[in-house]
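Heads up, the next two complexes both have chain A, just with different partners, chain B and then chain C.
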Partner chain A sequence: MDQRGTGFTRAILFCRQLDPNQDVNRRAIEREMGGSIRFFPLPCSGRVDPLYLMRALESGADKVYLITCPEGACRYREGNLRAKKRVAYTQGLIEEIGFARERLELIVPSAEKRVTIDELTRDILAREAAIGTSPVKGK
Partner chain B sequence: MITAERKPISEIKEMIAPYRKILVVGCGSCVAECAAGGEKEVGLLSSALRMDAKASGKEIEIKEITLDRQCVYEFIDHLAEIISQYDAVLSLACGAGVQAVAEVFPKAPILPALNTTFLGETKEAGLWVENCRGCGDCKLGVFAAVCPVTRCAKGLFNGPCGGSKTDRCEVDPDVPCAWQLIVTRLEDMGQLDLLRKVHPPADWSKQQGKGPRKIIREDQRT
Partner chain C sequence: MPPKYHIHTSRTANRFQLITKSGIIAWDEGCLKCVRCVKKDCVYKVYEKRGIDTRQMLESLDSVCMDCFRCVQGCPNKLIHKGLNPSYKELGDHYWTPEIISGLWYQAEAGRIPVSGGGYGGNFSGPGFDAMWTDMSEIVRPTRDGIHGREYISTTVDIGRKVMALEFDQTGALETTPPPVVEIPQPILFDLLPWSPPRKGINLAMLEGARSLGTFAVIRQSEFIPAMEEYLPNIVLYVDGSLSDIDPDILRRLRLIEIPYGKGVIASQKVLKERHPGLVTIIRMELNPYSSSNVLRLTAEGAEVIHLVADEYGLEKSGKPLFIKERVRKIHLHLVDKGVRDQITLIAGGGIAMAEHVAKLIICGADALSVDIPLLVAMECRVCRRCREGISCPVELETIDHVWGASRIRNLMAGWHNQLLEILGAMGIREVRRLRGEMGRAMFFENLEKEIFAALGKRG
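Up next, the complex of A and B:
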């Protein structure tokens, strides 16, 4: 579905080891989607801190995604496992203030087929967000 | 190290409800080490409170600051220039830090964001365990540096209770029997003879019953 102009904004933090051409591939999507999507490449998804996720939500992202390497494929061994725990921690924190935990989503691509960041993003965009705009934006 | 945990956000929200401008103050020492009150935790809590306020249409202004230590006046003084601009201070320090700040700024509401829990060590990443009760009468020298007051569920001074199973405490099987640790370490050090001495009950008056304890060192005073 074409989600341009819906006002729904996404922040996508991702492990840049996933896609050797991530710079070119993500910029193509950014051009297409304008300000409704922002990418934040990380050297490893284990570099993510709950604070990054909170600041993304606080800045008005309606939904924040963290894309890790496939399980067992982290070049730093357990970065993606740590990322999973940090997302879970942050989900608990936002639930405490009445935000749906679905505002944060962890995406772990399958190890069977190598995918690029633009393909992963198109998959995200093809799905219904299943969540409204962020309460941070006011009613 | 003093350990602490963040209070539930609902409790924090209730405390700060009467105030609009909040100074959120972290402490860069013990509570930073136990991931409860350092700079990151100040950021997380501030973000959460701002998001909550926006979502409920309330106006709130939060400034984040983290002192190296909240229990030492020289560091607390860093707040002197800004504290008057805020309605309240939300402190992410241990109870000692909260009270020290309150003492320096008698007219400012100083609210605790943490529950101070125990004196402990960082056992591994993300795991802190209690190993000192601050009893004021340390006997680690005779107990192979394993504190029976803290680490034995029954606080026994003269040998194990006999209830441990496969070196685990009968009160909590997740916890190693302190007396098993004491005996093993004394064996390893060839100092089992230390256990021949019978120890009288602890002198709890050094820990409690006389109000707040204090230490005075004249050579350190000005």
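Up next, the complex of A and C:
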């Protein structure tokens, strides 16, 4: 869905190993937030390509989050480490084209406490986005 | 001999990327930059055609990959992995399984019977329809003409009340007035959907599909819009309001109408018959433990067609619900026992998910079936039921083009029709009307279990 519209929009890409019951857990937030939040479960956060993140920004998301599984918990051993590198690389790319690097954020949950996708999302929503709407949307 | 009923299919592409059983995870870090990369050698050009769908953040890799594992095995640094796709496992639920949903998608796209190949490794029994096997003994005697060739197998059924005997006066003139009967070329009607996003386009797709197949779609009176008038000969109007609110002109052009079961249902049928004698009235009745006696009473009172509806899992409404096939069997056998089975048409629906369910429920005693969720799945529904919770549909079903939807439905029904022909051919039955109630040509797991093990526990 094209995210161009009114209001601040967030795209959340996340590793689904993080929360086995993610499909049910995110429904309450989806209902509350409607089109201003989009979830994209990934089989592994290491699958994310800089192109994914750029495309999410291009399609009108004001802020893109990538949530990996905790360090050391990747079922493909180092998928989340690779994701970290790719986010850093993409942040450099978007900065070059005049976007704030904060439009892209990596979230690595702690390995000590198991968290669900809705808890993580509510944490994100509770924080100030500290960034305006995306220049892609125009003025 | 009348021309064969044939459904014309055309490949109708998905709007969204399919959720496939497995996915590719290919990492670039650690790439040895081989002179000839295994990705370049992909015979299906999966990596060359690579694209990304931003609506779902899905790569085309997974849906194009044919699971040959050549790249996985060939990469010298083992950077390409293929794993089960967790999104696939999350499709549907315990009844509407990912295998059923992906099978329906395939048929809706291609209009062909899904062939898994490599034989069937089991399970050989399970709950619901899986606890029933049909007798395919005639499969060893394929005719030279073949069931899709010159051999004629009819899937036509009649919807309406039947007379048991014709009466003539002394001059030989017919005295009996036969009640109206509607003929449909395959024993499937499209039923009300248990849930869906706003369904204007969906309803139009079902109607267009029904018209092209020569069957009917049930449409709520409250959802009827002027754009549907051209489909009136293929509409079963479900009266969810008042009978007096139905426009006389619309009523005159209908062939089938459905009224909910309740007090005064036969009186309502009479009112409709007075207004339009050629109309066939269907009584929609929830399946429950009292259905057998209710159906018998309605048959005696002059009902023409009864539509028995189970929930989306095929269960009746009860504390200890029976599965649809068990309850329909009981109803059918009760009517046979009372000698009135042939007077009435029974349509059954709820939990019909695969082509084999059509044949199995007919064997259990239904004349025809009503189908609901598979029609949505044909239009790419993922059976996530988000729409029921007021969350937006992940495949934007509310925006479909009805011509595209109708084509997908037609393809699915063509697949089901061909499978029904296969089953009939393998059973040596040449028309679906003769399949009804043929329980002697099927085996039921619980009966076999009883036959084999019941005697073992007896003493003496």
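Simple rule for what comes next: the second predicted complex is superposed on the first by the 133 of 139 C-alpha atoms of A that agree within 3 Å, B and C clash if a C-alpha of one lies under 4 Å from a C-alpha of the other, contacts with A are read in each partner's own complex, and residues count from 1 in each chain.
Here is the rule we go by: contacts are C-beta pairs under 8 Å (C-beta built on N, C-alpha and C of every residue); 3 or more make two chains touch, one makes a residue touch a chain.
Just so it is clear, the model here is predicted, and its values are computed rather than measured.
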Check whether A:Pro135 is in contact with chain B, with chain C, with both or with neither, and answer first, second, both or neither.
first
A:Leu13 in the overlay: touching chain B, chain C, both, or neither? Say first, second, both or neither.
second
Based on the superposed arrangement, let me know which partner A:Pro43 touches: chain B (first), chain C (second), both, or neither?
second
Would you check which partner chain A:Glu58 touches, where first means chain B only, second means chain C only, and both and neither mean what they say?
both
Name the chain, either chain B or chain C, that contacts more residues of chain A.
C
Using the touch definition from the top, say if A:Arg101 reaches chain B (first), chain C (second), both or neither.
neither
List the residues of chain A that touch chain B in one complex and chain C in the other.
49, 51, 55, 58
The answer for chain A against chain C in the complex is residues 1-2, 11, 13, 16-17, 23, 27, 30-31, 34-35, 40-44, 46-47, 49, 51-52, 55-56, 58-59, 76, 79, 82, 85
Write out the stretch or stretches of chain A touching chain B in their complex.
49-51, 54-55, 57-58, 93-94, 96-99, 135-139
Help me check something: in the complex, which residues belonging to chain B touch chain A?
8-10, 40, 43-44, 47-52, 54-55, 57
Residue numbers on chain C that touch chain A, as the complex places them:
23, 25, 27, 29, 52, 54-57, 81, 83, 85-87, 90, 384, 386, 389-392, 396
